[in-house]
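Two complexes follow with subunit A in common, the first pairing it with subunit B and the second with subunit C.
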Partner chain A sequence: MSATTTPDASVFVAETKGGRITDFVDQRVGGSGILREFGRKVFPDHWSFMFGEVALYSFVILLLSGTFLTFFFDPSMAETRYAGSYLPLKNVEMSVAYSSSLDISFDVRGGLFMRQVHHWAALLFVASVSVHMLRVFFTGAFRKPRELNWVVGGVLLILSMAAGFTGYSLPDDLLSGNGLRIIDGVIKSIPVVGTYISFFLFGGEFPGTVIISRLYMLHILLVPALILLMIVMHLFMVVVHKHTQYPGPGRNDGNVVGYPLGPVYAAKAGGFFFIVFGVVALMAGFFTINPIWNYGPYDPSPVSAGTQPDWYIGFVDGALRLMPGIIGNWQVEQVWFGHVFSFNVLLPALVPAGIIFTVLFTYPWIERWITRDNREHHVLDRPRNAPTRTAIGMAGFTWYCVMWAAAGSDLIATHFHVALNDVTYWLRALFFIGPVIAFIVTKRVALALQRKDREIALHGRETGRIVRLPHGEFIEVHAPLDEYKRYKLVGFESPSPLPAVPNDHGVVDKKEKRRAKLSQWFFEDRVAPATPAELEAAHGHHGGHEAIEAAESQKTLSR
Partner chain B sequence: MGNHSDGSPNHSGTVATAGQSEVAKFQDPGIPPHRLRLADTDPRAAKRAERQVALLFGSSVVGTVIFLVAYFAIDLGADSTIGTVRLQNALLGLGTAFAMLGIGTGIVHWAKALMPDHEVSEERHAIRTEEDRQAAVRIVDDIVEETGIKRRPLIRNTLLGAVALAPLPALAIFGDLGPRPDDKLAHTMWAPQDGKLKRLARDPDGTPIKAADVTIGSAFHVIPEGLNEMHEGKLDEKAKSVVLLMRLNPEELNPSPERADWAYNGIVAYSKICTHVGCPVALYEQQTHHLLCPCHQSTFDLTQQCKVIFGPASRPLPQLPIAVDSEGYLVATSDFHEPVGPSYWEREEHVRNNNA
Partner chain C sequence: MKALSQKRRHPMAAIALLLMGLLVTGGLYAVATTVNQAKADTTSVSASDVEEGGKLFAANCATCHGMGASGSQAGPSLVGVGAAAVDFQVGTGRMPMQMNGPQAYQKPAQFNEEQTRKLAAYVASLGPGPAIPEENLVDGKGDASAGGELFRVNCAMCHNAAAAGGALTRGKFAPALAGVSGEHIYEAMVTGPQNMPVFNDSNISPEGKRDIISFLKTIEANGSPGGADLGALGPVSEGLFVWIAGLGVIIAFTIWLTSRTS
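Presenting the complex of A and B:
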């Protein structure tokens, strides 16, 4: 392919067929510049970089399977009587949307398979976007210059949930209708405009006859188009910034170490698409998801216990469950000035999600302000090397998980044979103390891991081999690290708190004082990386454990 | 490791690395030496890897065949059962999985075992040069300056005002998405029609219920008589008017004075629409006389006029006043005295009107 990189194409002859085709196209429309730029672009490799790829590939699978479904799905809410081949529902009154979803399942060959592929890919899509986001957070990949891409990622997370929810509602089965009913209840609790929004959304009273076709438009046009737009922006920025890399020997903020795009990286990434597709197909073939024929058509009267929303809606549903409607004898819903304020619905529906997404979107700026670190970062942090950030992330993650678990409080109760109310009380307590515990524990664990790293960097790996010294003492033999492995453990920076800096007028204002306090909190517990001097000291003494002790007392553990 | 070449000047003192600069750090040893793979040195190993890749691609072909056979050979005709559908679904999944995994794992194996695996290092280039940066910022400054927007607040403020108001029509044009709510949420089908009281009927078949049929401890899912015969808006009505009917020992009921005649012989009727966010409150615990909403576990106590005793709901379930007509059927003596279901902004006003 290097053919195209040579300017003089008239005398230069490509060696392979691929090269000749490239040459042909290039001489007509150009493009060798792009190929030259990207053909061998270096991409760092790490298993945790796969989540973003999974997200992208599951979106492609969603587009493919979703397009197939549109050929057979009819989003009408008109009443009809089922005449398809699924006998238990024969002649049952239902909406055309539900009936056509049943037809896709039972009377279109491969239709059920496509529905299953679509639904599993949807679950995988939101999951991989979320995990990808966690990876980016915990490794500090959101730092300058990637803040804007972090925001685009956050928008993608919201859009992916919107896509999932609008899709979940389309088949108009009992569960999806019930999900809509809950949404309607939440919307009605909004002060001043809630009732109007509900009536406008449903075209009148719930459930009305238009909601499915409206959601359909959002589901197959607006939301996917926005997702596509965001994905394009996202990938464009990835190319502009080049990928981050994990710290290690030979890697620094001025280079990218990895495999060239062609052929290795492209082959691995391209091959991975087929693997994701294959795994989704396997799940679609063998694990039934959303068996709408078991639920029956939507009817406002029945509901079955123990049914769950799709996983990504769980945390909101769980928050709704945790909120008490009555505290003692005090009604949480209040009537003020003749109007209803349903705090029992509003607070759990808006506040946790509001906090999570506000912090998520602003975090890069918050951290940058606290640390005053305005440099570009292309080398990632190992999570343990940024203990406070990692602890903040785990606190948030735990909070999310408590709410998510609350969405299954009834399942927890029946599975572990405990009283449902007790499960709720415990989860209510965890809602408040869970994040605090998670913060403290994570920070301690991160610092302990850092100390362990120091230990290994200075004294080598434990080999598990015990030897007896001449004077009768037993010690474990430590194998020294080679310099590459050692550099991985010591090549990071451990900033100490940054005291308040006077501004241009030479004064330290209130805001700066606050920042200095936060910086103190952020960096006060730190473990400095081992230094050559320490290594020297550790090796100076021969014979095992005295050396360890000598080094121990020299550690620059500043607290 | 500040990247000073990227054109973003670092002000000294703002770098949070204090306390480190004094200590000598380990030198970066550079990219570790490349280790050869088996296939790089041993032609037999390379040949073996080649055959493995080909085998994986071959398994993909098998998968494609499985898919096609399953698609064409399994008939979803008139006599197909759910079992047939499931079988076809499983085989289509299996076929696709093999077809895709064969290609995917084949390519990845090819890349890992046979393609060059030298890690290479590439310089990062600055996103833009310092010169471009300054020029661009200056251009924007000049543009802003030339518009004179800072010197002419009248222009700026009127423009801001106009821009702020301009989206209003874009909002207003959605006004016909739905009708005005008015007091639609305040009324249900239970209101007597032309002086005739509505009978309580079984959900879903619509047959009226005789008081004599309701034994102590039993519970009925109830809809208004005539609901099933509706053509338009049946689900809308049903979503408001479903009711739970239960019979307790009259002593257990403890009605408040104004509701003394809302029950008949220990039979009470309550709205089935949860006052939390509207799920059907479908579970009746006969022993404890509790009603439980399966959505978020709000629990209502029948013996205290369906007061909330647990969960996120804040208000009791509305009670439907009932009596018995001349033929012994249960009837609603009036509509609910308050709107059913989840709360909404105008609800209090509707409660007042309903009771006026």
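Presenting the complex of A and C:
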């Protein structure tokens, strides 16, 4: 036994230098364990699962292009005279912020492209966040155990709007200044404290000389940091909960069917980043966004026609446009105790957004309370299989879209040659009846689709082949579905209303009665999935139409 | 001169001096200023133009505007609107009007230049009004950046900062200004057609109007430095574009990425 150590066969020594360095790092950081864990993480493949990724990639693009812009942007409101190369603004008095934004656009190499990348990516970021949330809502992915992640997602939506709005205001052009003026008006309409908040925010009377630098700080430091934090929490919870999956053969709440992250899925996801970047870059290269040189420097006196916020603030602007100043003979703006209460501004600016976000944040708990469903769900609902939830979602979506459309009321009027007043009247009416119509129509469509599914599951798909029987009858031949396709049509839950349950004291209290009523409303219209017995009856012998119909009339309940 | 100096202490001297001073300043002002002065441009108009214009008017316009352009239930009197108003309304095809409505639409002109000139001469002969502007005021060679400031303060609230047009109440609208000739822009400012206010020479000086025309011509000639301008309509068209084109293309890619080979 010599004291010198000989290479132990059980100790792994890499052959190449690169391998030895990697091994050195791995022994200290433990990367291979993480990689093994994550590399085997399974992700189900569906196109609608990729909007969250689009949002993440847009955010990365925003960080990259935003960093470039900070090199050249100067958030000062000091006054200067433009001396850059855009002739129609030559020698015009403006703020340094606007002047430096123009310099980025015209005198920094690649600056205009980067500005447009940044702005298009911002619009895409909020859009993909929104579509991602819609997907999560309509497939019921917010249910246990993902309620908190839904809330984090909601916070991310608000933060992305905040990031967008603070950025929109930075160039200090006429358009963004008009937007800030509206925000100032909304703040001032808050009773009692509004004026104080406004003066605090703007450092004096609007527009003051500090707001751009303050918004800049929020835009490049606070809001992105919060977004980053929320993204980390969001992704962490995705890993903990594992991904949801659409219903299908072999998929249940205890498994995840899909591809492992490494290597195929990682390559796909990595490639997808470059696809998103490419799409944004193409848009930025070929399509103008926010042509600040058109708007001119901010000056509180002019307001341009067609002044709108970016799309994600549009619904608030639309609500402001829809609000009448006088209802009947009642002035919405009231003077009480010698103070003006501008409800005509306060109500539309805060109430619809307040309702939308309150319902959005609490919906998982509302549904859980109504349905008393405390089980974990990893298999998603097809939207048609949860008709009432889908209808609620569409009602809210319609409400949002009515307000959203109202933000473009002037352009609707000019481009469709209709009167602006009529557009406003119609949208005011739709503001109230639109969600109701959407609810009813959506629910009926969902139920009809369910019936269609049931029909196909029981009788097979129509082949379009007409056969004449010997006695002269014509029938269309139906081809039975294969088992995999049929599973999708029959393998879902269709809960029936849950009647009121007495509590521990054997009493059905008022709250429980209310819950039972809501449960009735939620589940009373339902189409039950075809049962094995019905399938048996349908496929077993072909003369069994009567049996199926009898079963159907018992099973499928409609109002 | 001696007589004058002898009477300088006359009790009425001060009053006489004041009167003289007022007369001189007033007279000079009246001569020097052209503000609101009705101009009847008669330099290139002959009596036969007026006569032929009168015939064209009787045949095409008198149904609504009345014989002698004195107005009727269907249309206003045109006495005193000037040649500029006729040149604008007829030259842009707004008159004869296509149909009754909140506002006359622009359409291909119904009369050629010669006929328009004769109609303008006829209407101008009825009473003094704004004349067709001279060539040097509409050449678009003024100060574009000064014009831009004037445009943003005076025009952008209806016509949009990028002159893309905008909506007014009850079906009225301010049209987009791309492709409108400098002459017509000038005439619109001095006559206030349709729902447009009049910007007379004391609101915006003729040089200011020239600058505005220069600004509009400059941004039209510049095009859009950042690529296709999506109608220069601002965030609405941008939002529409990102939702339909941007997200649409990305959804197409997601479907491609998640499609199976089988």
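FYI, the second predicted complex is superposed on the first by the 513 of 559 C-alpha atoms of A that agree within 3 Å, B and C clash if a C-alpha of one lies under 4 Å from a C-alpha of the other, contacts with A are read in each partner's own complex, and residues count from 1 in each chain.
Simple rule for what comes next: a residue touches a chain if its C-beta (ideal position, glycine included) is under 8 Å from a C-beta of that chain, and two chains touch if they have at least 3 such contacts.
Quantities reported herein were computed from a predicted structural model and do not represent experimental measurements.
*Asks:* Tell me which partner A:525 touches in the superposition: subunit B (first), subunit C (second), both or neither.
*Replies:* In the superposition, A:525 contacts neither subunit B nor subunit C.
*Asks:* Is A:54 in contact with subunit B, with subunit C, with both, or with neither (first, second, both, neither)?
*Replies:* second
*Asks:* Looking at the overlay, does A:302 come into contact with subunit B only (first), subunit C only (second), both, or neither?
*Replies:* In the superposed model, A:302 contacts both subunit B and subunit C.
*Asks:* Scan A:272 for contacts with subunit B and subunit C and give back first, second, both or neither.
*Replies:* After superposing on A, A:272 lies in contact with both subunit B and subunit C.
*Asks:* Touching A:260, do we find subunit B (first), subunit C (second), both, or neither?
*Replies:* In the superposition, A:260 touches subunit B alone.
*Asks:* Return first, second, both or neither, reflecting whether A:494 touches subunit B, subunit C, both chains, or no partner chain.
*Replies:* First partner only.
*Asks:* Touching A:89, do we find subunit B (first), subunit C (second), both, or neither?
*Replies:* After superposing on A, A:89 lies in contact with subunit C but is clear of subunit B.
*Asks:* Once the shared chain is lined up, is A:128 touching subunit B (first), subunit C (second), both, or neither of them?
*Replies:* It touches subunit C, and subunit B stays clear.
*Asks:* Is A:106 in contact with subunit B, with subunit C, with both, or with neither (first, second, both, neither)?
*Replies:* It touches subunit B and subunit C both.
*Asks:* Residues on subunit A in contact with subunit B in one complex and with subunit C in the other?
*Replies:* 105-106, 112, 116, 268, 271-272, 275-276, 279, 283-286, 293, 299, 301-307, 409-410, 420-421.
*Asks:* Across the complex, what residues on subunit C touch subunit A?
*Replies:* Within the complex, subunit C touches subunit A at residues 102, 144-145, 148-149, 152-153, 156-162, 164-171, 173-174, 215, 218-219, 222, 224-230, 232-239, 241-243, 245-247, 249-251, 253-255, 257-258, 260.
*Asks:* Any idea which subunit B residues touch subunit A in the complex?
*Replies:* Going through subunit B, the ones touching subunit A are 1-3, 5-6, 8, 10-11, 13-20, 23-26, 28-32, 71, 74, 76, 78, 80, 82, 85, 88-94, 96-108, 110-112, 115-117, 119-124, 127, 174, 177-181, 184-185, 203-204, 221, 223, 233, 235-236, 238-240, 242, 272-273, 276-280, 282-283, 294-298, 308, 310-315, 341-349.
*Asks:* Quick check: in the complex, which residue numbers of subunit A touch subunit C?
*Replies:* It comes out as residues 45-51, 54, 87-92, 105-106, 112, 116, 120, 123-124, 127-128, 131, 174-175, 268, 271-272, 275-276, 279-280, 283-291, 293-296, 299, 301-311, 314, 407-411, 413-414, 417-422.
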